[in-house]
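Presented below is the structure to which this report refers.
Chain lettering (A, B, C and D) follows the sequence in which the chains are written, and residue indices restart at 1 in each chain.
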């Protein structure tokens, strides 16, 4: 892990260790992956106007997010079925996040239970929810999350149906995965992942009462999620939860406004990491307009494409309260389990601190819009 | 065909099955193919602003085009000599289009007759016309199309002479094709196409009384079409037809205005798939100005570069009534005949429905300009 | 030559036949060749808004340039030492230009004499002048050009000293060339060019009284040209010539205005084909501002980057009277001598006529600014 | 060296001669090297509007910088530890700079002493300072620099901590370098550099009293520099120096204004060659705004990305007094020692003179904003 000096190195390490159908599931996006690519490359359209001679002998990247103090303006985004990537799964991520002092978001579709995660993590935790058909199941999950000490609810709204992830289609990825004859050769070349996978308990959606059948994500979603879910259902849900809440998957100002009116405390600007509707705008490209619209009434979090400390600082300079990301820790997890996640979060922490000093700010409160501008490129 | 999960896969399948000179005829464009490329890539300059929590459990992409109800806002564009690509030719395309519930446009230069197509298709059908020198021939075709139940006439106006298609020039493509010594090796490597081609009746322009000589398209056009054709001839033609009519090949607002004044009900914004004048503008780039000009008086259809459901939705968000495309079904036809066309149209149907749900719309009527914006890219 | 269907094919044929140091001399530009590349690629920033149904059965690309009727709005630009590229040299180009009905510009540094060219060409001819140190030599050349029937003078003003052509530097190109040991292998691989070169009379600047020493172009220019030449010298020169005159190498509006005030009838917008100051603007990118400034008082000609009929039509739509180009015929000359030049000019002629028909214009007088617009590209 | 006709050639020569870990230290930048690349490529966004017929038989690129007459508007930027690249180190660069008539800037972290450099160079010299923890050391250095005849002080302010130079991290570069087992093979392939390195006195920071331990630059900087240094410390420093002064590493107009108010005579617009905060703006892209802000009160110098004479002229046309660069001479030094530096500076000198003549200016005073414009590129 010490040889991995940035997240791109961790990604390459994940390619070497994890089965390709698993790596593709982390790495891929919808259709032609325009949005997937744009999420990250859009950051290059923004420059950082560093300030000098302010005295940066001590830099503090700490902030408050929905009232909770965190070490970094950085959240570990929810991601489904982490045991697919490494047998240590969500437990490794939750533990490392708590140690790093950042908020960990547990997915409804996690392969570790609400309670098991709470046991390994005393840090700040949020619980992510998809819009299930079964309201009783939803209420049960909310109760469990509350009981286990999760402080906020994240509702993912950009997933009414599954996106068209062609890598997974071509890989014939089922969850839990079925190793088909065409996958054997790749499995043999990744003995570490394969042995772990074969000798571990079967991967399942740990928070669902029923057993998970091995089917494609699209089929599972069509069967379990509620595409009819709308703003009225949200009102019911927020009433049930009655606590801090974040809506995830907003790119339009009218949706942001309505989310605030409906009672959300946080807006996560996101396109699901480019995995749903291709040609969705990059979060960094709509962040400003969302903040103009609801920045006074809600905390805005950018989710998508963040890889470097400079990306974090650009989002903050444009007005975000924090950023959120899953792929960085997933690359670490797939590469090496818990130590890989630690390495990922450590690189994030170090790059944010270093880049704050180089930008000329001692605290996130000092970062305003004067520190960012559009790259004036024409040629 | 099940392995083809998008149109790019079908295109690759067509490369493998069809003789290169035939594939190039489908695939190529004029001069340096700037417009050919731009037609498709221009869509990347537009982003989709998806909406959330509207309840998309049922999505209906149906619409009315020139008064006809269709399953999709998607038309099968006219294309010449389909038997070149697969022995099943236009009949396969017409049949699959009818089954998909979309409008099929039969080319004047089809290799199947007006009547034969009508026999296999009870779905909506339009008849496409080039501007022939021989007015009697035109009247005869109009009468036959009317008699056979074609509901609208499409007049192609961006083809006064043939464009400079250098792939065809270098391939020495004649229609019907002559297999020259230099083509034999490629023919041997595509036994499926070659056997079909050798054991089928000769390809001919089925709606022309005279026999088609084997000459280049440019020479045929120069001999048969009327480069002198102008708006006065159009008035005569519309008088003869006296029914719903669409003009195909418009990029200028003044031409669109005149077309409406002359009596056309529909405007097909098109540059002939990049096969005529290179550096013609991409249809998506002029669509807005045409709709501003004549959108209240005529239905505007975008033809050119459409490959994904997202492309369709962008055109609709910019105000188009529908899109039109030929290459997608031609790739399917060249790859596998009727099942290939079915696959192509099925992929189109599924992607439009999925992308509507992800965009947050339940019907095409809901799609307005708030769902699209220019990609804010500089770097 | 029949296999060459465009100028890029002719260029490739030139690579195959001519010695690399000679090909590089035609093909190369200054410094990093930014301007060389931009001259051609800038045309892609302009789109053609074709018009339909105007009746294009007969298209006439003829025009008048400085009072002379020509078949095409296209001029053969001056180029030095054509015998370097093919033993037939300027005589082949002049003859083919006359046959094509276009204006031929003979360079001061031609390897054929003013009189020899006049003998093979009864077509329109202009004489190009560099700013020599020796005024007597200049007067003598003007007298000879007038006597031989050259109708206009072109003064090249973007060449006070030689540009930094690094290909020639690295090739150690002298004029006439010296075949050094390192060039022998390439010479052996191009026997056609090499035999011609060895068995032809030595290449010399045919219009200079003194013998040409074999030195680099930069050294020759430093010795012979007058870097001190300024607008006062121009007044003297125009007084001596007392006939139609064109200034070549203008990109600024203030220079264009002064040129008109000084008495020039034509302004050739040019950066010497990207061979002088790198990062000079592409002619197409400054054409509009120059025409706005002096279009009413002088004829403006675009020189640089023209390869396709569409390029010609874009320049005309932006207000140019004609375009001018040397590389197209030089590629033809280097590829095959006179037949190569014929092919180049034939391709130019055919592409202009075809593209006019596709654009929907019957004469160059019909081409106005409505036919061109900037490509609206962002992504 | 004669085969090197531009700085890119010298860079390639440096690759061939110097050990890769040394070459990477010269060549590399921070993070993903966006800013490193952009510093140079941003120049392509600016075009040069050359002027004609002004008489350029004699061109003088001389200018005054902070009151000192120099041969060129070009400064040799400070760079640490030059003996790493070639055993002749700073002495070679200082000597060649003096011979070229340009200002040489000696780094605090030089591997040659203030006095040794003064001995070999009677030309204009500036002394660069980092912000050391030890004020006594700073005072001592200022006294030595003054005594040795350095005319101005440059304070580098964009280096509160070390940037994230991943090439150096991966190379495990220490200063002085430790040849680890993994470096031996590359050392054997560069015998010239290796023999020099092994048989020379150890590389040390010659102006520091203590011995330099072999540690990474980041660790050294953290131990020795004062990240708390701020504008108040600067006031103390300028009081101690009491002479001409330049601040290096400014990209913001507010910092430029404050620098002038604090007493600096010169502003060096710089991002430390892309080695500190990635996504800092390219100097050429912020130059105009800085000059608008403080151009009347201070001399503005552009540092970063300059490789061609055209780059220099663009900066001057935008209002810079001069440019500054280190990599060009470092490539020369690494390639061949003193003759390499000579070659680099000779190429710079020749290209500035040639490009002034081609631009149509006889002195730097003639270069105004009419000579530059943004490249109007869209496609």
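Things to note:
Quick note on the criterion: a residue touches a chain if its C-beta (ideal position, glycine included) is under 8 Å from a C-beta of that chain, and two chains touch if they have at least 3 such contacts.
Small disclaimer: the values here were computed from a predicted structure and weren't measured.
Residue numbering shows that chain B and chain C use the same positions for less than half of their mutual interface. Spacing of chain A relative to chain B, judged by their CA centroids, is 42 angstrom. Across the assembly, chain B contributes 44, 375-378 as residues in contact with two or more other chains. Taken as a contact graph, with one node per protein chain and an edge wherever two chains touch, the assembly forms a single closed ring in which every chain touches exactly two others. Put simply, chain B touches chain A in their complex at residues 3, 5-6, 43-44, 46-57, 308, 310, 314, 351, 354-355, 357-360, 370, 373, 375-379.
Interface residues of chain D, counted against chain A in their complex, comprise 31-32, 34, 38, 41-42, 44-45, 157-158, 160-161, 163-164, 166, 169-170, 226-231, 233-234, 249-252, 254-255, 271, 276-281, 285, 374-378.
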